[in-house]
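Shared chain: chain A. Partners: chain B in the first complex, chain C in the second.
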Partner chain A sequence: MLEVAEPRAVAGRAPDVFREGKWVPMRTYDDNEEVDFAIVGTGAGGGTLACKLAEAGFSVIAFDAGPFWRPLEDFVSDERDQGGLYWTDERITGGADPIELGSNNSGRGVGGSTVHYTMIALRWRPEWFQCRSKLGYGRDWPISFDELEPFYEEAEEALKISGPISYPWSRRRKRYPYRAHPVNAAGLVLARGCEAIGVQWSPLPLATLSAPRGMAHPCVYRGFCAYGCSTNAKQSVLVTFIPRALNAGAEVRDLAMVGKIEMGKDGKATGLTYHRGGAWRRQKAKHVVVAGYAIETPRLLLNSKCDQFRDGLANENGLVGTHLMTHSGPGVWGIMDEEVRCYKAPPCMAVTEHWNYDDSDKKDFRGGYAFMSQGPLPVGWAEAQAINRGMWGMKLRQEMTRYNHVAGLRIVGETEPQRHNRVEVADEKDQYGLPIPRVTFSYSENDRRLIEHSKGSMRAVLEGAGAKELWTDHDTSHLMGGCRMGDDPDDSVVDRDGRSWSIPNLWVCDGSLFPTSGGVNPSLTIQALACRMGDRISGMAKRGEL
Partner chain B sequence: MSEFKTPFLTYDVLDKWDTPSWNDQTRAAVRQRLDDEPPRRFLSEEQWSLLEAIAARLMPQPEREEPVPIVPWIDDMLHRNAGPGYRYADMPPMREAWHQGLDAIAAEARNRHGKCFEELSPGDQDALLGDVQHNRVESRYWRDLPAGGFFLHLLLKQVVGIYYSHPAAWSEIGFGGPASPRGYARLGFDERDPWEAEEFDFEAEHA
Partner chain C sequence: MLAPRQPEPSHRPLIAVAAATVATATGLGWLLQRAWNPKGDVNHRAAQALGAGAAILCISVALDSAIEHYRGQFKDRAMFVGPTMALLGLGAATYIAFRPEHANDRLPKIALFTVGATGLIGLAFHSYNILKRPGELSALNLFYGAPAGAPAALTLAGLYGVIAGEMLSGRDNVSTRLPKHTAALIAFSLMGTVAEAGFLHFRGAFQDPAMYAPVTIPPLAALSIGAAALTPRAAAFAEPLLKATAVLGIAGPIFHAYGIHRNMGGWHNWTQMILQGPPLPAPPAFLGIAAAGLGILPALQEAGE
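And now, the complex of A and B:
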């Protein structure tokens, strides 16, 4: 089993992710040394921001509850053995449509969920940032696409995104840094079906190398992307922003679970309490950034309640943890005459965003969805059939022999921000003695209409491609919201720069910032927001506004 | 349906053990799965024997003299309390749910047939499991545990997940298996690398 018992990033060195058994030098700080920024979480938000701030000259420590992997020697080509990549501490999930947590949408380890994400690197539809004003639904963000565009470009360059010569959606853009990958048969099913019904499709822009980069080889199409990349082709935060951050003088503390943000009498954060090496410790910091993603970030703010802040930090208006969103993810599956062998290459290689950009009255719902080709591996595929089709016994075993002919599509479907969908803390405690999170989620009527509509679209595409015996499952992906950004202190948790309205040296930098969910995977937008925050903070420091 | 038929007649994923499709860390992980069957540490002897009988219906392997082991790995998971990272709000904590659910299935069998589950015919066993799946159960045995939720999300998910983690299962469905460092070169429709499973076409053979 993938397990690391002791912290590796200690005594002035950190694991070298590019060389087996090797180390890179790492600057280390004393607990009593007041660093400029203590960042909680090292994923798409925290890891990216740690790099930006360290490169701007700030002293930075980034904490992660999980291990510091060396993918080349730690990662196994196996679904079950890679279970250690996910956040598996106990959480309660409820509501009318409880969200599956764990491997579905969380990471534990340096690099966070980007270690096991499927590398889809899509920009948002520009109008979504002002979807209330421009499209008549949801809520406007405090920033525009124009403000974020240079940071999308920065993130794409940092990850050497492999993409098509021209991508049909979002705004016209310059060429992707690396050429597109060849589309696998699973993706060609989507392509063929879209062409049959007259809908545009595209190869997906992906954060996996199509040509060598430094010490990393191009992708070898082994297909285990959702279980960690053992060749470093995947441009996770672990192998991109983290090495840069270390090189710029940041410290990374692995296997360090942050339990509480410490507050001073002046109402400002003074640092944090964290558990590492079997003991609770305190780190002083001038600023604290919470980047634990949409469940752990609100949980830490709520668990940091104290006499001054009885409802938790940054929670004067009661919004911390609220307006949690996921992406709805119904899938449609069928059997092809041809061999598809969807286990080869990245699981998602082709996309249509047609229904993200269609504003016609043919849609009976607000918002949008994209759908991608799929590549489940045997355990995931068998579990999906068992749970969604209630199939077991010899019937299931026989059905599984058609695995190589299976093709499927799944949406990333926008859901609406609703106040009662939220993260709270329960009375029950985890292994650190910290109250565990309780997540409540129910779809809105509009969410349900979107889901039904998408099933029809996916069926049409699969039938157009020649798939037979179609069936539908239900799933979700990603988490967003819980500490939304805004321009109104009464109606948001943090401002346009991720800075808490009530505690000036407390910041949030992850997917929990999202006021709305959009209809594409969130990681690139989280990384663009983190790049922007890095620049904004540097600018504020120069102007004396920190 | 009681006979199993696979179109992958000659393929054994373990033939790739010493090829560039497998690396040392993967060999070590799969070797442990094949050789180190964990001992009973969490379930009672009665629960273990009941779960063996249930697993034999959920994932039957009548053609194998030595079936792919499933129960030892469920017991191991429960012993380590290695849950999936969440539990549904209407379910008790994982370990309690397993004790409660298995004991309830045992009680259902005694109540309906006056025998223990293991002694029932395969048909009666399947009928009982189907009733559990669809919540047609005596609530006094299940108390606060949703029978259908236990069946799908804990019992069936574990049995199926463990079975399809085994190389024998990969071989019978024609899955390429471990693929690091070599990966694959041919990605299109009906394209197969020489180190992938060849599918036997029963219909063409028949014609």
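And now, the complex of A and C:
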């Protein structure tokens, strides 16, 4: 199994992700040196923010519980071996619809989940930021699309998103930095199906290169994206914002698990306690940013409880960990007459957002969903047939002979924020002696109606494309919420800038900020929020408001 | 308030490669020009250059279509037609280039006429292939579907060959209208090739500034030779610009070789990257057209006088 035992970013240098065996210089700080920002997590939120803050001249240390990968050397085209990319520490999951945790929703390592994400880079539907006032459901965000738009643009530019010349949904936009990739056969099944039933489709904007960029190679369409990209075509945080952050003087501490945020008598954070190299250590910091994603962020805030903050940090109103959301992900699959070889190229290459933008009465649910073409790899596919369809032995072997003809669709389905869907901490402890998280999740009635509706749409599209013997399965994907942002201190954990209402030098910057989940993949929005936060914090520093 | 833009990866390697490539290509161009030994009157010389231009276009198409159709596994038998016809055109056009006095013979003329006509059929085929894909006439299908440029280049090669013969036919219009029409055709050929290169470089997001070269110099050359068709005095501008275009045609494959190097595995993985990287044989089309253009200039000037 892919594993790195010892920290690599030590002694003033960090791995050079673009050159085998080479290093880049890295500024290092002493534990007792009070840095401006200590950031917990280096994923879509934390890694992006570390770069922005370092480039703005702040002293920054970014901690990650996982290793500092060298994609060109560490990553291999082996589904099993790449399992080391996921956060697989013990967690308890429950509720009426327990979420499966691990490969499909949490990464562990410098770059966070973006190291093995599928690179779909979509903007939010503009109205979703005011979905309560404009669409009549969910909650309003404290910021608008207009406020975030320049930062979407900044994130897209930083990741050189390869996208279509014109994307049929959302607002008119600046052209994507790179051109769209050729759509694979699985994507063309979606395209043909959509054209058959008269809904729009589009090639997906993806965070993988369609042309060279510096030392990064363009995509070779091998399709191992969800298992770590070994060409650096994937514009993960590990190969984009992290090298920039290092260049700007940030320190990255890999294999450094943060266990607690330290609080001073004045009610402000003073730094954090982390486990690295077999020992617990303390880092002093003027500000602490938590960016561990929707489970680990609430967990760390809850585990940092102390005499002053008995219910955990930033938790006066009891909202930390609540309103956790996932994206529902039913899939519909079928067999095509022709060979599809859906595993070729990035797994998702075509999309329809039709039902995200359809406000007609034809929908019997609130919210939206998008669906994408799918490209499962062989081991994962065999596993899914065994688990979801009870196939085994000869039956499974026979089914696998049809693998080249399989085509499928899966939604990213909005779920409602519900208070009882939440992250808490349990009595059990993990390998560091820290209480493990307990995750509870149940769909609402509306969520279930959305799921049923989407199955009908996906069936229609697949049938329109000529697929036969359709079947469905169910999965979930991204996590969102748990420390939602808002304008009302009684009704949110942090303000519109990710700053905790009660502890002025404690911030959150990751997917847990989301008040609602929307019907598209979240990372571009997380990165736009992080870019915005970086600018806001620089502005506050200049005005003396930090 | 936006922060300073992201520092891009260093452009230094790109600048070094561009300088070395342009120097090499200019040197090669100079050697080629010295080796070029046109004979006879302006019409003979024009015929010879048109033959050479057609031959270069045919090499470019033969290699390009062979590689691309190989990538398509020659799934359809018709995919053998393009490379075969390009080879036939290459033979006939080379013959004309070396023996311009035979340019008006039946055999080479028929061969090149057939090659040109096949180019048109290929163009129709490729267009049909694009239109039957989901999305029909979308940018995506134009980016990645069957290219219009390659079969069109075959047609041009055929036309150049046929015109070479006409130049020696002794007909009245040879000394008057034909050179002007040919100059116009060359301007059109250049613009078509510019459109193709520009479109594909746009697909590559102009990630290397050198990718702008084929959309800046050849259009000027096209303009000047187009102007020369109207007023022969413009030929003075056309010559250096056509020469610069020819140099680009030589520099192109070197740039593209570097582009292949920048793909995963680079030249160590050439069997894959020659298919996935920028096309090596495409840019010499500029050399072919420029050569034909340079060859027609003296006849054009004489026609003007």
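Heads up, the rule we're going with is that the second predicted complex is superposed on the first by the 546 of 546 C-alpha atoms of A that agree within 3 Å, B and C clash if a C-alpha of one lies under 4 Å from a C-alpha of the other, contacts with A are read in each partner's own complex, and residues count from 1 in each chain.
Everything below uses one rule, namely that a contact is a pair of C-beta atoms (placed from the backbone, for glycine too) under 8 Å apart; a residue touches a chain by one contact, two chains touch by 3 or more.
Keep in mind that what you see is a predicted model, and the values were worked out from it rather than measured.
Colleague: Let's test your reading of the overlay: on chain A, do chain B and chain C clash or fit side by side?
Modeller: Aligned on chain A, chain B and chain C fit with no clash.
Colleague: In the overlaid three-chain picture, which partner chain does A:188 touch, first (chain B) or second (chain C), both, or neither?
Modeller: both
Colleague: Would you check which partner chain A:535 touches, where first means chain B only, second means chain C only, and both and neither mean what they say?
Modeller: second
Colleague: Which holds for A:88: it touches chain B only (first), chain C only (second), both, or neither?
Modeller: first
Colleague: Just to be sure I read the superposition right, which of the two partners does A:164 touch: chain B = first, chain C = second, or both, or neither?
Modeller: After superposing on A, A:164 lies in contact with chain C but is clear of chain B.
Colleague: Does chain B (first) or chain C (second) touch A:144, or do both, or does neither?
Modeller: neither
Colleague: Would you check which partner chain A:398 touches, where first means chain B only, second means chain C only, and both and neither mean what they say?
Modeller: A:398 contacts chain B only, not chain C.
Colleague: Go through the superposed model and pick first if A:338 touches only chain B, second if only chain C, both, or neither.
Modeller: First partner only, chain B.
Colleague: Once the two structures are overlaid on A, work out the angle chain B-chain A-chain C from the Cα centres, in steps of 10 degrees.
Modeller: 90
Colleague: Which chain, chain B or chain C, ends up touching more residues of chain A in the combined arrangement?
Modeller: For chain A, the partner with the higher number of touched residues is B.
Colleague: When the two structures are overlaid on chain A, which partner does A:383 contact: first (chain B), second (chain C), both, or neither?
Modeller: first
Colleague: With the two structures laid over each other on chain A, which partner does A:212 touch: chain B (first), chain C (second), both, or neither?
Modeller: Second partner only.
Colleague: Just how close are chain B and chain C at their nearest CA atoms in the overlay, in Å?
Modeller: It comes out at 6 Å between the closest C-alpha atoms.
Colleague: Where on chain A do chain B and chain C both make contact?
Modeller: Touching chain B in the first complex and chain C in the second, residues 182-183, 188, 220, 231 of chain A appear in both lists.
Colleague: How about chain C: which of its residues touch chain A in the complex?
Modeller: 1-10, 133-135, 139-140, 143-144, 202-205, 207-208, 259, 262-264, 272, 276
Colleague: So in the complex, which bits of chain A are touching chain B?
Modeller: 73-81, 83, 86-95, 98, 100-103, 106, 182-185, 188, 219-224, 230-231, 336, 338-341, 343-345, 377-379, 381-383, 386-387, 390, 392-398, 400-401, 403-404, 438-440
Colleague: What residues on chain A touch chain C, complex-wise?
Modeller: Within the complex, chain A contacts chain C at residues 52, 55-56, 150, 154, 157-158, 160, 164-165, 177-180, 182-183, 188, 191-192, 195, 201, 203, 210-218, 220, 231, 233, 244, 247, 531, 534-535, 538-539.
Colleague: Report the residues of chain B in contact with chain A in the complex, numbered from low to high.
Modeller: That would be residues 1-8, 22-23, 25-26, 28-30, 33, 57-60, 82-90, 93, 126, 129, 133, 152-153, 156-157, 159-165, 169-170, 172-185, 187-192, 196-197, 199 of chain B.
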